[in-house]
Structure formats: structure tokens, C-alpha cells
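Step one of this worksheet: look at the structure below.
Order of writing sets the labels: A, B, C, D, E, F, G and H. Residues in every chain begin at 1.
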Amino acid sequence: MNDTLNLDFDRHRRQGFPEVVLGLGKTVTEVVRAATHLLEAHGQVLVTRATPEALAALGAAFPLGVCHQRSHCFSLGNPAATLGPVAVVSAGTADEPVAEEASVTLAARGVRVERFHDSGVAGIHRIMKHLDAIRQCVAVIVVAGMDGALPSVVGGLIDIPLIACPTSIGYGVATGGHTALNTMLASCAAGVTVVNIDNGFGAGFAAATIARVVHRHDVHRHHTKS
Amino acid sequence: MNDTLNLDFDRHRRQGFPEVVLGLGKTVTEVVRAATHLLEAHGQVLVTRATPEALAALGAAFPLGVCHQRSHCFSLGNPAATLGPVAVVSAGTADEPVAEEASVTLAARGVRVERFHDSGVAGIHRIMKHLDAIRQCVAVIVVAGMDGALPSVVGGLIDIPLIACPTSIGYGVATGGHTALNTMLASCAAGVTVVNIDNGFGAGFAAATIARVVHRHDVHRHHTKS
Amino acid sequence: MNDTLNLDFDRHRRQGFPEVVLGLGKTVTEVVRAATHLLEAHGQVLVTRATPEALAALGAAFPLGVCHQRSHCFSLGNPAATLGPVAVVSAGTADEPVAEEASVTLAARGVRVERFHDSGVAGIHRIMKHLDAIRQCVAVIVVAGMDGALPSVVGGLIDIPLIACPTSIGYGVATGGHTALNTMLASCAAGVTVVNIDNGFGAGFAAATIARVVHRHDVHRHHTKS
Amino acid sequence: MNDTLNLDFDRHRRQGFPEVVLGLGKTVTEVVRAATHLLEAHGQVLVTRATPEALAALGAAFPLGVCHQRSHCFSLGNPAATLGPVAVVSAGTADEPVAEEASVTLAARGVRVERFHDSGVAGIHRIMKHLDAIRQCVAVIVVAGMDGALPSVVGGLIDIPLIACPTSIGYGVATGGHTALNTMLASCAAGVTVVNIDNGFGAGFAAATIARVVHRHDVHRHHTKS
Amino acid sequence: MNDTLNLDFDRHRRQGFPEVVLGLGKTVTEVVRAATHLLEAHGQVLVTRATPEALAALGAAFPLGVCHQRSHCFSLGNPAATLGPVAVVSAGTADEPVAEEASVTLAARGVRVERFHDSGVAGIHRIMKHLDAIRQCVAVIVVAGMDGALPSVVGGLIDIPLIACPTSIGYGVATGGHTALNTMLASCAAGVTVVNIDNGFGAGFAAATIARVVHRHDVHRHHTKS
Amino acid sequence: MNDTLNLDFDRHRRQGFPEVVLGLGKTVTEVVRAATHLLEAHGQVLVTRATPEALAALGAAFPLGVCHQRSHCFSLGNPAATLGPVAVVSAGTADEPVAEEASVTLAARGVRVERFHDSGVAGIHRIMKHLDAIRQCVAVIVVAGMDGALPSVVGGLIDIPLIACPTSIGYGVATGGHTALNTMLASCAAGVTVVNIDNGFGAGFAAATIARVVHRHDVHRHHTKS
Amino acid sequence: MNDTLNLDFDRHRRQGFPEVVLGLGKTVTEVVRAATHLLEAHGQVLVTRATPEALAALGAAFPLGVCHQRSHCFSLGNPAATLGPVAVVSAGTADEPVAEEASVTLAARGVRVERFHDSGVAGIHRIMKHLDAIRQCVAVIVVAGMDGALPSVVGGLIDIPLIACPTSIGYGVATGGHTALNTMLASCAAGVTVVNIDNGFGAGFAAATIARVVHRHDVHRHHTKS
Amino acid sequence: MNDTLNLDFDRHRRQGFPEVVLGLGKTVTEVVRAATHLLEAHGQVLVTRATPEALAALGAAFPLGVCHQRSHCFSLGNPAATLGPVAVVSAGTADEPVAEEASVTLAARGVRVERFHDSGVAGIHRIMKHLDAIRQCVAVIVVAGMDGALPSVVGGLIDIPLIACPTSIGYGVATGGHTALNTMLASCAAGVTVVNIDNGFGAGFAAATIARVVHRHDVHRHHTKS
């Protein structure tokens, strides 16, 4: 099986972050071996969508790592949280695992996270009271399933980048998150961008990239001006 | 062609309202003939989804009637507006024709209408200021295209029946109103009911039926108690 | 986990009914904790879409409550049934769980329910004999899967609000209830409104809101006139 | 262009009926040439889905033929109507063109037709009064758009073959006839069979094949017994 | 639970065949009780889509009945096979269960069946050799999954009614039988009619209705002529 | 018609940018009136998705404005380009109008734009030579139709925020841009975010928001440190 | 506009064939300019999906070229037909334009074409008589719309590469070619490969690539062996 | 059950390769019996999509055969690898099973295989370094899930036949491989042909047919020239 593993060790140079191990469709052995190689090369590793078996094997192999049970992630060797902060807002309790995947990804990239729970539009006052705190962040991730209406409401009230992350929570016409996804893409609020259903990792990675470009230009200009 | 017209003159007895002429797929001649027969039988007629040619022919045939150009309706012989009121809220300017079809239908059934324009969620303060007025109505119709998020927001703030009417306004993933429809059906706000895309008539008819049942029970109990 | 629970205790004021616990995607612990908090605040609780484990835990925690096994609901502290009545019609035996969810929701809001079973269009005489009883109600909920044709037939014969609730019963083109849903939305009968697939709760909540607005206006006018 | 026409003159032997010219996607010249060749070979021709230009050209080329403007068909040389009868029921005025295509096809195959117009489920008494007449036929075609509910109702009340033909009439979720199609395929009434959307020709051809097999076996047994 | 069973004992009079028990979504108790009542009323019963548990319970309750394990059917009290014959052609081995459901239904309605196995288009000579035998039947059912191409080929070669029955066999774009269904509905062969995916019962019931109308007219004319 | 215009003059305060006029579904009169009011309030206006008639009317009403014919936009009163730069990459010539809409939006928000044309993956060397220039920007917008593969390739090679914008260019399975959209959402490259099909405005607005947050933090920290 | 044209002159080296001009979404000016540049560089040009206006402009600009009106192509400077032959089979008259696009593409790449018209499965003897001729080719393209069943039949009878090309011909469930496409992808015949709907160019290009690889290896081995 | 097995022993003559046993939907007994019969007739057998139970039974019945666990295949009696070579490229680790099915099929047809693993577009340098090796093959199979972008990139860089094989790997909008499939069909790279989702067998069979036609013409011309 050794021949089928062709890791991208160069990614850190190109994208500023090591390759992440996507557990989906990989055997436990493949997941652990990939994690081992990446950890050796970069001193850090993030695994997403790990099966319970893979999580257990990772925990056994790397006792210093953290198993995030609800979001099926494993992380080890996170850098200090010097970037951000990024706000992560979730609409309902059932959206928590995806919001956690976003938060774990942000932490793995050295970004500070502000979490806002259970803030769905059916009780809109719950998000209203946090708007000022959200406006202080460099970006906000809004996680919602079912009708996916929360990003439209939040997006009309703030002026920082908003990344909408639909979840597969719901039934019937929710169709595994496609309705929330389409609502977010068709949002009346200008400038909302969207990631795949349940893709907390993608939302977190994108927000971290924004946080880094904010930091880099700040440092760059500061140096230039000094 | 006479043989293909089989009107349902009995509907007034069963549903309390004469048959309505749906212009869709009918020739101008068929529309005018159906309108003539219904007008003779009931002294009132409502035509929906009439082509411009059919509207012109109806206007010529029945000078006392009203051609509603934007909503492609024709009405004549409306009863006095003794029921309601019902609120009709529209999210954007482009949703006006569907909201007008709902309003025309309500008027044709004798229901008073309160209209609230341009109240989309991207600027949520616009609907907030009208909530008290909406709460005084016996029902509210919320018309929205694109993300269809408005009923979720309104539905969480009121305690009267809310009928959501999606419109085909939008592009890309809006897919002719299917996203707005699905958002409304998957709404986090409890008790939202929904009609077909662009079906202002259906929304108006349903709200009028609520208005009538409110009125009937009121009268009935009043009589019983007297 | 305490930090992820942000209940909407204000909903009773806005919507006239406490927040309902949607079991979908929540852990047993989260469901029980939410039920406990709401019960303390309002003296009443309704849980829908509870897993068997959650139902068992609720039953153990609140021995006075009722576990509705077929509809996966739990209710406790229902008010007296002073509103309505609302008719609940189901097309086939397999549609019973959804009809029961609607009935449980109506009871939780203080509405009297009239149930009509096994009344599908393949044997249309079965519903015909109940039409007069249905016409005495303030609203009717029609629950059907497969072809979803029943609301079109019933809707053409009555003059009270009809809320159609599609179910996921069927196979092949029934596609988990989407065909029944679309049939109901495209119904030839005027004024049918629709809720999400298997959303007996939504249908019951909407019908209860109609029952309440009927009651409120009755009381209001009665007072005014006195 | 002569090389691209490869007519199936053998079809009459295999299927008992000459090849029919489907106008869809053919140029006027191709349609007229195909009609000419088939007419020469069989003394009869049926053209379906002809453009207005093709209809005009056919009328000019074959003055004895009949142009069916509403259904876009052209027929010439029909045999005597010795088979059937077959009932053709249509739900609404807008479904007439498809019902006419079915009727024209039946006539072209020598089948007697009984037509029942405007018999949609929103006023179900309209079809009820014709049930005895329908039961006398060898088969019934039911043509309906929008919710497509009519075949489910009729199918539960008769014991002859029922062929359901959906039409593209409707808007929004009707999606060009797909909802009516799916409703018919998911029908609760046993034994309903279905053809493509707007395929009046297919419905007529199938019913004519039933009529012929009824006739053939009758003649065959009669001869055997004599 | 007794109140939820509202059997249609009148169906035999209307459709010439007792109500059939659709096992889908029913509990074992409901299935057995429905079978018991129908058996008492008509001396015959057919159950389709029974779970293994329901099949076992039926077998225990009615030892004289037949459990058709592959097609999940149960039948008891079939009439003598005096109608037909009807041909049942299946494309592949995996389509057998659906073809068997059709055959069981035909037998339950007193129709003789001719079975042709494993006759897919990838080896078209396999069906060619049976064409003459098929042409002797009053109708043919063609069962196929994957590309669903078999009915188009057979339909162009015969002159008896052809009922196409798609199956859910396949993967990827086969999408649970929708591709086979659509192929059959869009068939180039004239007069093919179609039933829902995996609906062997519907195909059998429709073919039996054809067989009965053939028989009835034969008897009727014979009597008239005598 | 005056009553139907309810502009959101407060948006500038909340989102740092005045309301934009979406021409879709609005009459020419409504577009011009909205533009007039916004121009008066903010000294700047941007109109998107204007019909040719609306563009002509805007050009006549405001001779100092710019009509962007290919992207159906109108802009007037742009601020100086002090933010950015943002790269806008388009895959093919046919994607130019959407890329132009993005560029016009960026300019209207005071962001400098770097444009890279005709850089599709079928000739991947064309984008490779521009990677260093792209890496100097604060964000990159990648516009592509058909297979939508370009963002996956670019996304794996850079470390700045990438906003993917699908276009409706293509035929068959391209289905009006849905395939490009889904490809982008399912991208193997981490952190790609996506906007609706043909939504150049949304992509531009989101990138401008990133540019502004980069600028704001830079200024803020600079001030703090000074 | 000059800046938006970034032609891929290197493609000839990589793919052995110059870039082809896809007319879709390009202006007439852009099409003619691209054709001019490619003609100068390679002495040959092929344009596909040209509008009638673009075809006229190309014909005027390059009088030696050939305008293929039915397939909307323009070709000039074809090499001698030294490769192949490749068979191009079309199911119906309406599929001719797509088959012609494939043939034009093959000719532009120097491949000899054998054309077989009007060979649909409804009259299967029409293709049977040509099987021996098809087997002599290096590959076969099968073009079909509606049910798309022809490749399954042909594919089971030959042993050369078969490229299936679905067309958008049909109505209702044919859904613009998606049913034919899916049928071909789900084909029971082993080894069928498929291109996009109406993509005669792609089918021709792929078959030409096969013809070239056959030729190259032949030449190569011949040289090696000499 | 013996009657339901109708194997196509003639296929070897028509297609140059014996019938392959598709395990999908077959019982273990049916799979083993089909394998036995084919092995007796041809001395070779290939089984695809076998369940673990069927694989175990095949391994027990034919100890000389090879069980390919990851791709659910069984092969025995492969001919010598005298054709090809064909390159098989896979994008990610999770795509390995499908790539293996393609490789097993190629080997069963006597084709030499070159495998390239883990070459997705997110790290495009990984495939770039293998391009020269790929160009030496007679065809290339590219296996990819998620965004399915790899064939577009590879297709633009080579001049041999490319068969794209989408996999069901991914989540959300990947929708079981449909997005990868559509991306490949809409590919900007000319001449890409595509097989069904997860259809490694089909891709391998098609590539083997190309390899054979290359070989046959080589031999044929060689003989002719000698």
C-alpha cells in the first residue's frame, strides 16, 4: 500500500500551511501513516472527517494530540494564536459539529476564535446582541442548516468578510443541506461567500487565509513605514 | 370549441367563491367566454395569468372591470371589503407583481389589505418598524424571491397565520424560485405554510379563507350568544 | 456543553407559545436539558423528532409526560382544549405517524382534534362521508404520501383553510415525499397551503395559529360589542 | 439530404401500423418528403409535432388531409373506426391539445373515441357523472397537468385499462409536467400506466394497441369456435 | 390501533379485484390484521412489499398461503388462470424480484404467465428468439434496470400492449432506477407505457386488466352473437 | 408607484457602502428613480443587471456616469482606488462579462484591480506565468464556466483568499453554470469560497470587503502603535 | 478588446492539433479575430457553435473555407484524410446536426468518415445490416437523442471503441438530452464511453485521437521492425 | 433458479472478450454458478462488484483465482499482457478502489498497466512529472472524485485518448460523484470521454478495446505489407 501514498510536502511552501489529512475514504492505516509523515515533516498535523476507529488509532499513536469527537477531527502541534480573531456563529445546537470543525481548523492555523452559539433567525434577538463583538473580528463564519437564512440577516448588518457554511441538518426539502446552501448562494446580502455543505474545514481555512493576509499586510506596511 | 368548456358553477356553493378563470394555456376566446358565463352566473369574475391580449379583450368586453397590468389579472364585481384585514409584505421591488396578485385576489373575496413594500432581510429594520401593524391583521402573506429568508424572520416575531409565497425572482441557484420555495418550507420559524412559486392567487385565496372563517365564527358565536 | 444552549425564552411572548425542542441532531443530554429549562420557565414542554433513547430519557425524567412512540414526540403540561376543532385527515395507514405529530402539536396548543383515518383517493367514498364533519372545523390538515392527491380532492369540496402535509411514504418517483409535496403545491384546488415533508408539527402549529386567531377575534369583538 | 432519410417501411408488418412522422427537429422539406413516401407505401400517413410551417406545407401538398391546428398533427387516409371505443378524458381546457393528439392518433388507427372535457379534480362531480360511459370503453386515457391528480381518482373507480398522460401545463413546481408525471407514476390507484409528458400520441397508440388486441382475440376465438 | 384501519371492501365491486395490502410503512400487526379482514371478505388476499417479519407472520397465520421470498409478496386463494397469457421479460438476473412481483400479481388475478429471463440488450439475440412466443400473448411486461433500453428494442418488434417496468438496479447515473424510467418514457418505440420504479405489482395489475378486458369483450360478443 | 420604493439609506452606515441597485425585475422608471435617490444621498451609485433600456436611460439621465455594456452595469462617483489590489482571473473569452462585473464592483468600492484574461485549464501554462503577480494581491477572484476547474488549480498554488465565481457559459451538463458551481464548492483546494452563478458583483463585493478589512487593521494598528 | 484574447498557440505541440474556436459566448469580432490568428499560425482553422452571423462573417473573411450550416461549423485548411476510417451512426433525422459536427471535426483532423443515417432502435434491422462495415473502422461514434438506447444495442455487437454522443432531441423526460446521456452512461454494453450532450466536436476529436494513436503505433512499429 | 440464468456465451465472438459477471444484485449462488459456466466455456473469468460473501465463495471455489479485496473483483485465467500499455492515474487515496477495478479489467484483457497514484490538482506538480511516461501509452484513464478537475488538466497536456472515470468520493455537492461526472463531461479539454461513476470496469474495458484496435491494425497492416 506504500506506493499509493504520494503526500504533498511542498504545500506548506505554496499555501503557508501543511497538507491536511482528509479521513474520508481512507483506511485507518492510511490515515495514521499520512499523519505520521506530515508530523515528521512539519511538526504539526490536522486530520478531518476521521472515523471513530481512525480517531482512536490517532489518539493511541500520538498521545499529545487532541481528539475532537464531535467534529471528527484530530489536531497536534497547533501554533500560537497570533492571528484574527475570527467569529464563528452557529444557528442551532445540531450545527455545533460543523462549527467546531471550523474552530479547530482556525486554531490549527494560529487564529483566535470567538464562538456564538444557538443564534438562529427564529429568535433574531439572540444574534443582535452580539453584533458589536462580531464587528471587531477580521471575518465571521456563519454556520446554519434547514433554511440557511442566518447569513442573509447577519450579512446585512456587518462590514467584515462573511463566510457562510451550510450544514446537512434538516429533513424533507432541506435535502441534506442543499437548500441551506442555495439560500446562502442566493442571499440578498451583498458579499456573502459560501463553502460546501458541512465543510467547516473549508470555512475555517478560508477565514484563516483572510486573517493571515490581514496580518501580513499589516506587518509588511509597518516594516515599510518604519 | 363550445364543447370543451365545462365550468364549475357549483363551486360557489361548495367553496363560497365562484370559479376563477386561470388564463394559462387558454385562448383569448376561451378566456372571454368563461368570464362571460361566470359573470352572468355570479355577478363577479376574477381572471388570473391573462396574456396582454386576453387582458385587452376583457377590458374591451367589460369596460367596468379593472385590468391589473402588472399582475396580469382582471377583476369585476368585487364585494365590499368587510373581512380581514390581511397584511401583504413584499421583500423587493421585483416581487411586486406577485404581491399584487395576492392583493387583487383578497379584494375579490371582500378582504381588506394592508401592503408593506420593499422589506427584504438585507435591511431588516425596514420590516421591524411594521411588526405592530402586522400583528393587528388576521393573517400575513410574505412574498419573497432569491433567498426567500424573509418569512423565517417575520415568522419568529408574530403570532398570526403566515403564508409564504416564493417568487421566481433571482438567477443561478435561485432556479426560478425553487430555492426561495425550499427555504420557506424548511423555515426555522414554526407554522409557516407555503404556496407554489409566483402563486399570489393561492396565497390570497388561502388568507381570504382564514379571514372568512374568523368572520363566520365570530358571527356564529355572536348569534348563539345573543 | 452548557455554553452551547441558548434557549429562546422570549418566544412565548412573541408567538404565544413556548419554544419547542426539535430533537433532530441533538444528543440525549441536550434534549433533556432543554426540556427541563423550558418546563421550568413555562410549565409546559413539547419535544418532536426525539430518538427512542431521548424518548426513554424524557419518560424517565418526567414521569407525568406522555411519550408518543409512533410520532417520536413527548408532551407535558398541555393546556385545556378550548380552541378549534381542527380536522386531521390521513390518506393511508403508513401516514399515521405524521398525522399523530400534527395532533400532538394541536393538543399541546390547546386545540381540539377530529381524526379521520385511511381516507386515500383510491377509494374516494371513504372521505366523502366525512365532509360535513370536516366543514364544522376551523381548519383541516390533510396528510398524504405517494401521489399526494388527497388535498386536491378535499380542497375542492370545502370552504375552510386546508393545510396539506406530504409524507415520505412511497418508493421510486415518490422520492422521499417530494412528489407528494409538489402535487400539493401545484394543486388545482384554490387556497391549499403546504408544509415540509413529514412536518406534522408545522401543520399542527399553523392550524393552531388559525384556531387562535379565530378565538381571539371572537373574544375581541364580543368584548367590543358588549 | 436524400441520403439521410431511411424510412422503416417494414414497420407496418411488425407493428400493424405504418411509421409515423415525428415532426420534431425535422425541416419542412424532410417532413413533406417522409409523408409522401409513407403515403405512397401505405395509403395513409400521420404526422405529429409539426411546426405551423410544416402543417401548411402538408396541407398544400395533400389537400385531402386534415390539419389539426391545436395538436400540431396532420392525418390522411384514416381507416374506418371499427375498433374501441376508447375514452379520452381531459382535466382542463389547457390540456385539450394533448387530448386531441391522442384522439387523432386513435382515429388514425381505426379506433372510435369518446371525449370528456374539463373534468379536473377541483370539481370532482364533473367526472363522476361520466363513469358509466367510461366503463363501457375498452380503455381510458386521462390527460392532466398541474397536480396530475385526476388519474388517481378515476383509476380507483373503474376496471378498464387506464393510460395516464401528463401535460406541461402549470408553473413553478409543476416544472413542465414533471410533477404531474410523478404523481401519476406514484398513483395510489392500482394499474395506472403512464406515458411521457405531452405524449398524446403515445397514449393514443397504446390504447389503440389494446383495442386491437381486444378485437383480434374476439375475432380469433369466434373463428375458432365457429 | 383498530381505529386506524379503514379497509376498502367495496373495491372488488368497482375494480373487479379486492384491495391489495401494501406492506410498506405498516407494522406487522397491521399487515396481518388487514390480510385477515380481506381474506374473510373475499376468500383471497395478496400482500406486497412485506418485510421479512411480516412474511413470517403471514406464513404462520395462513399456512396455506405462499410466501414469495424474493419479491416480498404473500398470496392466498388465487383464482384459476383463465385469462391471458401475459409475457414477463426480464433483462438481467438482478431484475428477477420485480419480474416475480409482476408474475405473482398476474397469478393472483387469474392470468397465465410466460416468463423470459436474462434477455438484456447487450446480447440482443437472446430476446430475438422469443419474439414469436411473445406475440401470442395479450400483453407483455418488460422489466429492466440500468439503461432501461430493452423496451425500446422489443417495442419496435411487436404489436401487443407493452408495459415497461424500470428497476432500481444499477449505480451512479442509474440513480435508483430514474434513468431506466426516463429511458422507457422517452422510448422511440410507439405505445410503450410505463409504471413506477420497481413496481412489478402495478405492471402486473395493468396487464391483468388488459387480459380481463380482452376476455370480457370476447365473452360479451360471443353471447351477443349466439 | 412611488409607494413601492423603500430604499435602505442606512446601509452605508452598516456595511460601509451604499445600497446597490439590482436591475433585475425592475422597470426602467424604477431603476432610474432608485439611482437618483441613492446618488443624492451618497454621491455615488452602482447599478447591476440593467437591461439595455435601463442602461440607456441611466446614460441619458447621468451623462457623467459610465455604462459598462458587456456587464450590464452603470457606475458613477467611484472613490479613489486606495484599497487592494485584487486579482480578477477569467478562464475564457465568454466569461469576460462576469469578470467585468466583478471589476466594476471593485472599482466602485475603491479597490485597484489586476486583470488576467483567457487563462483556462486546457492550456495551464497561461495562468502559471501570472502566479507571482497574483500572490502580491490581497485576494483573487477566479471566474470560470463549463468545468469550473480553474479555481482548484489556482487554489493549490497560492496563499491569499480565493473567491470562485462560476458562470453560466457552457451547454448540456453545464446546466447554466450549476456544474461549474458544484465543482468549485467541491474543490480539492482548501479554502476556496464561492458565490452564485454569474454573480460577479458578489465576488467583487466580497473581495472589496477583504481589501477593506486589510486596510482598516493596517491603519488601526499603525495608529495604535504610533 | 485586444487584451482579452490569449490564444493557446502551443496547443498544436501538446495535443497535435491547433486550438479550436468555440463560438459559444463570443462576439462575431472575437470569433473572426481568433480564426484569423489561428489560421496564420497553423494554416488551418475549425470553428464550432458559430452563430449565423459569425458563420456569415467567416464566409466573407475566408472565401475558401466551408460553412457547415446545419452543424454551425466553419472549417478551412483540412489535412488529407489519411487516418481512420471512423464510423458515425445517427439514430434519427433530427440528430443529423450533431453527427455532422462530429464528421466535420474528424475531417479537420485528417480522418476518413463512414456515415450511417436514421438507424434508431425502433427499427433495429436498419443498423444490423451495416454492422460488418462498422467493424472495419477504428472506432464508431453513435449519436442519439430521446431514449439514447442505440449505443447499448450497437455496443453489444462490435469490438471497436464506441463513443456515444447524446443529443438534446426529445421532449418531456428527455430533458434536453439528460436522459439519453444517462442511458448511455448506464449502458449494459461494456466499454461505451460518452461525451457531453450535443458535443459532436468532442466525440469527433476523441475518435480522431484514437485514429491517430492507431496510425502512430502502426508507423512506429513498422519503422522499428524495418 | 436454474431457469433464470441465460448467459451470453456468444459474446466472445462478437466483442472479443467473454461475458463478465456483474455481482450487483445477484445472490452468491448465482455469482458462483455464472463464474463456473463462463470458466468452462472460455478458460477465463472476471467478476466485478462482488459482495465480500461472493468473493469468499469464489476464492473457495477457484483457489487459483485472485480476490481483489479493495475493488471487489475476482479474476482467473488472465491472458498474457501483450497489449498496451495503458496509464491509470488516480487523484486521491480514496479513489484507489476504482482505479484498481480499471487495472484488474485491463489485465484481464491482456493489457499492460502503468499506475500513477495520488496526483490530484491541489498539488499539480505531482502529475506534471509523469506526463512523458503517460504520453508513451496508447491511452490514459484518469480516476477522480470531488471536483473531478484532474482530467481537464491532463487532457490539455497530452495527445492520446483520455477516458475520465468519476468516483463517488466526496460529500455535500459532490452528490455521490455527479459533480465529478459533470465536470468531466463539461471539460474544457478537447476529446475527453467519460464513463459512469465508479465504473472502473467500463473505463478499463474501453481502454483495452483501444489497445486491441491499435494492436490489430498494426498486425493487419504489417501482414498486408509483408
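What we mean here is this: contacts are C-beta pairs under 8 Å (C-beta built on N, C-alpha and C of every residue); 3 or more make two chains touch, one makes a residue touch a chain.
Everything quoted here is computed from the prediction, not taken from an experiment.
Asker: Validating interface symmetry: for the copies chain F and chain H, is the fraction of residue numbers used by both over half? Same or different.
Answerer: Counting which numbers both chains contribute, over half are shared, so the two copies meet through the same residues.
Asker: Write down the chain pair in D-G, E-G or F-H that repeats the interface of A-H; the criterion is over half of the contact pairs matching by residue number.
Answerer: D-G
Asker: What is the chain whose Cα centre is as far as it gets from that of chain G?
Answerer: Chain centre farthest from chain G's centre: C.
Asker: Can you name the chain that lies farthest from chain A, using the mean of each chain's Cα atoms as its centre?
Answerer: It is D.
Asker: So, what's the distance in Å between the C-alpha centres of chain F and chain D?
Answerer: About 52 Å separates the centre of chain D from that of chain F.
Asker: Please tell me the distance, in whole Å, between the geometric centres of chain A and chain C computed from their C-alpha atoms.
Answerer: Centre-to-centre distance between chain A and chain C: 37 Å.
Asker: Round to the nearest whole Å and give the separation of the Cα centres of chain C and chain G.
Answerer: Roughly 57 Å separates the two chain centres.
Asker: Which positions in chain C are in touch with at least two other chains?
Answerer: 11, 92, 122-123, 156-157, 170, 172-174, 181, 185-186, 190, 196, 199
Asker: On the basis of the stated criterion, which chains touch which? Give every pair.
Answerer: Chain-chain contacts present: A-B, A-C, A-F, A-H, B-C, B-D, B-F, C-D, C-E, D-E, D-G, E-G, E-H, F-G, F-H, G-H.
Asker: Quick check on the complex: what are the chain H residues that touch chain G?
Answerer: Contacts found on chain H: 11, 14-17, 20, 138-139, 156-161, 163, 181, 185-186, 190-196, 201-203, 205-206, 208-210, 212-214, 217-218, 221-222, 225.
Asker: Would you pull the chain E residues touching chain C in the complex into a rising list?
Answerer: For chain E paired with chain C, touching residues are 3-8, 10-11, 19, 22, 24-26, 30, 34, 49, 166, 168, 176-178, 181, 196-199.
Asker: Residue numbers of chain F touching chain H in their complex, please.
Answerer: 91-92, 120-124, 146-149, 152-153, 155-157, 170, 172-175, 178-190
Asker: Hey, which residues of chain D end up touching chain B in the complex?
Answerer: 90, 92-96, 115, 117-119, 122-123, 125-126, 145, 169-174
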